[in-house]
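In what comes next, chain A is part of two complexes: it sits with chain B in the first one and with chain C in the second one.
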Partner chain A sequence: MKRWIWIPALMIAFGGPALAAEPIKIGALYMLSGNFANYGISSKQGVQLAVEEINARGGILGRPVEVVFVDHGKPDQAVREAKRLILENKVNFLFGIDSSSVSLAVAPVANEYKVPLVVTHAATPRLTEMCLPYVFRTSNNARMDSWAAAAFAAKQPYKRWANIGPDYEFGRVSWEDFITRLKELKPDVEVVSEQWPKFGSSDYSSYITALMRAKPEAVFSSLWGGDFVSFAKQAIPFGFFKTIKFYTNPTGGALQALEPLGKNTPEGMLVSARYWFLYPETDANKAFVKKFHDKFGDYPSYNAGEAYSGMMMLAAAIEKAGSTDPDVVKAAFEADGGLKFESIEGLKWMRPADHQVFEDLVWGYTKNTDKYPFAILDPIVVVPAKDTIYPTECAK
Partner chain B sequence: MKARGWLLLVLGALLVTPWLLPDYALEVAIQALILALFATAFNLVFAETGLLSFGHAAFFGAGAYTTALLLQRAGWPYLLTLPAAVVVAGLLALVIGFFSVRTSRIYFTMLTLAFAQLVWAVVHKWYSFTGGDNGITGLHPGALWGDARALYYLALVLFALGLAFVWRLHHAPFGYALRAIRDNQARAEAVGLSPFGYLLAAFTLSGALAGAAGFLQVAWQRSAFPDFLYWTKSAEAIIAAILGGAEAIFGPALGSLVFVELGAFVQSRTEHWPLVLGLVLLALVLFLPQGLAGLGGRRARD
Partner chain C sequence: MDPSFVILQFLTGLAYASSLFLLAVGLSLIFGALGIVNFAHGSFYMLGAYLLYWVLRGNPEGLWWGLVVVAALGFAIGATTERLLLRPVYNRPEHYQILLTYALLLVIEDGVKLLFGAAYKSLGPPASLAYPVWVFGAPFPAYYFVQIALALVVAGGLWFFLQRTRTGTLVRAATQDREMLEALGVNVPRLLTVVFALGIALATLGGAATLPMQTVSPGIAVEAVISAFIVVVVGGLGSVWGALLGAFLIGEIQAFGVLVLPEFAIAFVYLLMVVVLLVRPWGLLGRPPAVRT
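After this line comes the complex of A and B, so read on.
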């Protein structure tokens, strides 16, 4: 008659360890709806794969990782969703973010609630210039891309430069950083034209003709995603890529741009992708690409790679901290001159002063091959991290 | 008596709400109150004059940016920025209204939309002053108003004042004059009413009230972004008013509550939230042409 006593006994036996291993909760905000959903979705896939691997090897500090994904929408919606993740889901960390303005809106809120935020995609330099104690970025930012482009540009013999970029903060700052840096490295360059199409434009013909009329030798461009695809498709019939000698775009190496362009991609453009799935040729990276391809039927885009690496780097910081306490994790990121983490992309170093990661940046010249249905980077050129380290500026 | 009983019950419920709701639900409730104030402000023009403004985001945004800039650059205490936000939003409404209220119907709608988009473009690009598309971030309304409960009560008070104000206007001769102009402008002019002055006054008051909503949004969000002035923000007020029932005085507030709660509920559950939200709103508008307030019968307005 006293068999019922087994029930609480069993609950203690099996429930006990489960209770001890309370999951580490992470709230991931990405752009999962709308025109740029393909960026958010591939970021999400990168996180999913990382978490799967982390949990397969026993979690972090013996605790499983649980991720809640949410579409971040516009800044006000993102703030609301961040508050939901913090207050309702009681997440230990916030993660992700594609849009720069959303990152700027969510960062102070996360910081106020002392929930560390790890950003893997949004690239406005301002995010880390705020120097918020609980905000980290594990991917490189737009300024580093611009500096890298300037380093290449300075080695070219071309003097007549022009720009075409989306007319908002990212486009403006990318060009500003690029041309300022280029003039430092090579004072005799001159700017012959600046074109500022509206972000999300579909018709670039007038901008293309205006650019060509100015007869630049080289063009810098920060058009990204669908804008870059539309621009390139329209520029080809004008003979744009044949008339100019050098075209460089720090976001042109995104699979989200190269895949839709397919075999029409102009060859010889110097582009970057923050992460490029064929580099580095290490076993770790090859294994990641294979697992990603097996699971999702696609090659990992740069933001999938950054999301995966960011999650792994956060895991490393928590392991090092031995706790999920925000202050201890912050200290783990900052200690010993900043956390150095060997990711699939190579070494990532977290600068303690502003929590910005620095890493080697992979660039390359577009080339169509038989092996892939889209252009790949060949040859690949790498900008060492040290050439992208700009001085820390903590804005008030 | 019966109506007063209901009113007291609702008021009582709104007063105890912050002590019953979990933290996150309280955050959403504040958002609902802010939209309720904004939609009620919009509806002052829409219901009383029959003019559909598609530019109220400009006034919401003007209030928000006034508060944000005063907090960030001048270090004003949060509450003191309220009169400034209301005045700046009202002045902007006076200017836009001056050019817009002369026109009617679709022309009014298009003109207010065009003006608001113009203001948006200025805010979006003026990096040195408004921060451009980076917005103004890291704003904190201070220890007191940074607390969710205090902010809730502040929003509740402003919403209640706004609603009472609109209710008074509705029953004042001013309200009768506006409706006379709405229903038959020629006849209203014949009895000596000047439509331009009345419409401009209504539009300005409405804009000023929308500015107060923007003032609240800054404290809730801790930042201000050009999105506040974008046409989709105007659409939120329109949707809330139509969803709740523009004919009823509390219709826009009811619509705001449903719109915000629904948005928060759906967005956290599916990536296809815009689709789900659209379908639900479509169904509500189709099956409740009078809005949610239509369920309560015709007396709702008074």
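After this line comes the complex of A and C, so read on.
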């Protein structure tokens, strides 16, 4: 009988420290295969770097961070993977997500199991407007990009506007948000043409000629990735960028598009990058870019920067909470008017009502230089966070 | 609509049709002679763009010899694929062939990812072709004339090959009755190798020719093979001239559909396909399936 006493005693003696250092488990879902794997891979690299740094400084609350990366694929696959991470891997948090449709499918699952989900890339405004208590987004969304573009557009003297965007939710919502906001700020604008090429199209020439025929002064475009590259390559020899006085494209500042375009990038496009590796010129950001470049041989793309910052912000929330309990972490994100976190990109503020982060948005005009083999943003123009704070339907 | 704009839009449609023709003609040729539905056809098209990117090493000025090298590589790859992989399944049921070419699609996609990475690859046109030429006062990319010319040369070359050379005559005979050809002492296996290699060479050439104006990523293979199937369904699977007609119709419908109803421009192409399938299920220039006796 007496001997039983020894077992708990031994457990405390030897198991104690091990228990205290039980890792914080995070399941990271990114698009690691398929057509957009280049986005998922750079997001993953951002997370890897953040976790390395967190663990090097002793983890979070003295516990190491352990990340399980999975390829999220399409929404149904992502839901299966998310459930597997929750039920089998017993993760404390879900993290990441590149695709908007995947984010909309995974969010309710995370919420149901009370496993907080922190989204770092998917940009549909609908995600945070679902008002789910355990879902957070630390990157800016497409509506904020559209509002920022509208803020610039309203200051331009141009009245004749046209759109070209991919024919799916992101393209449609981006244009809707943009033109609605622009008409609020500048009621005398008119829409002369809307073009909706299929997402993933390779040939844009007939859309380009149709656009130019409508003689717009300014064009808004939500084409991204390879679509944006093909569009730009075809628009140049049509003289598109010489005829159009003002061209704006949120996500056009993504390195995924600027690197392949190289020196063929049209200059003077007003583009956003969500995160741009040369801004802000702080020691923290420079150190991040250097470390990233040393480790992966490339500059961090916008989504790598967002993934890194998102992980650091989650770490800050857990530190503040003093626990990984979902309700305590949620409270830490929401308390004191919302968590304010100084990231490499600048200040990120979590709006308590909808769990959407607001931050200064970095935009700029494309310019080719001798310093980089691709176009950079010069001059950079920053949209203050307050100009992108749209009303939310979520009550708080 | 002013006539000069109609001509401009017609030309953009023609440019698109040219790349569709190069993409689809090999698919049709291969089906006609070998009876194989090549699901990997779009993958060879994508491979062509990667090969050009690779042989040019960032210098767009080498485009001309680059296209020749890619077509030659495509021919060699096609011949090797036929000898090693397709020949063993000719006498098996059709679904073996479909599974095999589908497997090729997956292998090529992962192969290019391994060799070139997942990032978009792009290279501009040579400096001499990077500017617009003026067509009735409207700018039109000079490079598109290269693509149109290339398609015309290929179509003319194929006509000459099929109608005027002995090998071409045998290829046409093979589409009619392979067994009879064999009975007459023709080396049919070698003939099939040549046809398959030619089809693949055209696909790689077509893919390579798009690189100056488009971007290549592993994902374009599936998009391409779907487009190729639409072209041959409209034109008639197995018919070279059907591929030409199908590509032309789809290119122009796309170009003018955008003007008429930009909201539904994509739908017109599918609408054409549906109408053809209802009225002439074997395609505009295809042959109705022979009644077996």
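One rule holds in what follows: the second predicted complex is superposed on the first by the 377 of 396 C-alpha atoms of A that agree within 3 Å, B and C clash if a C-alpha of one lies under 4 Å from a C-alpha of the other, contacts with A are read in each partner's own complex, and residues count from 1 in each chain.
Methods note: contacts are C-beta pairs under 8 Å (C-beta built on N, C-alpha and C of every residue); 3 or more make two chains touch, one makes a residue touch a chain.
From a predicted model like this one, the values you see are computed outputs, not experimental measurements.
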Combined model on chain A where chain B meets chain C, clash or fit: fit
Contacts of A:Q234 with chain B and chain C, given as first, second, both or neither: second
Touching partner for A:R126 - first (chain B), second (chain C), both, neither: first
Contacts of A:T209 with chain B and chain C, given as first, second, both or neither: second
First, second, both or neither for A:V70, with chain B first and chain C second: first
Partner chain(s) touched by A:L87 [first = chain B, second = chain C, both, neither]: first
First, second, both or neither for A:E169, with chain B first and chain C second: first
Touched partner set for A:P384, first chain B, second chain C, both or neither: neither
A:V109 touches, of chain B and chain C: first, second, both or neither? first
Which superposed partner A:G200 touches (first chain B, second chain C, both, neither): second
Closest approach of chain C to chain B (Cα atoms, Å): 6
Chain A residues contacted in one complex by chain B, in the other by chain C: 34, 37, 167
Contacting residues of chain C [partner chain A, same complex]: 5, 8-9, 12-13, 15-16, 19, 113, 117-122, 124-125, 130-132, 138-144, 210, 212-215, 217-220, 223-224, 254-256, 258-259, 262-263, 265-266
Touching residues (chain side chain A, partner chain C) in the complex: 34-38, 41, 167, 193-198, 200, 202-203, 205-210, 213, 225-226, 229-230, 233-234, 236-239, 256-257, 259-262, 264
Chain A contact footprint on chain B (complex, rising order): 22-24, 27-28, 31, 124-125, 127, 132-135, 137-140, 146, 217, 220-223, 225, 227-228, 263-264, 267-268, 271-274
In the complex, chain A residues that touch chain B: 32-34, 37, 70-71, 73-77, 79-81, 83-84, 87-88, 100-101, 104-105, 107-109, 112, 124, 126, 130, 167-169, 172
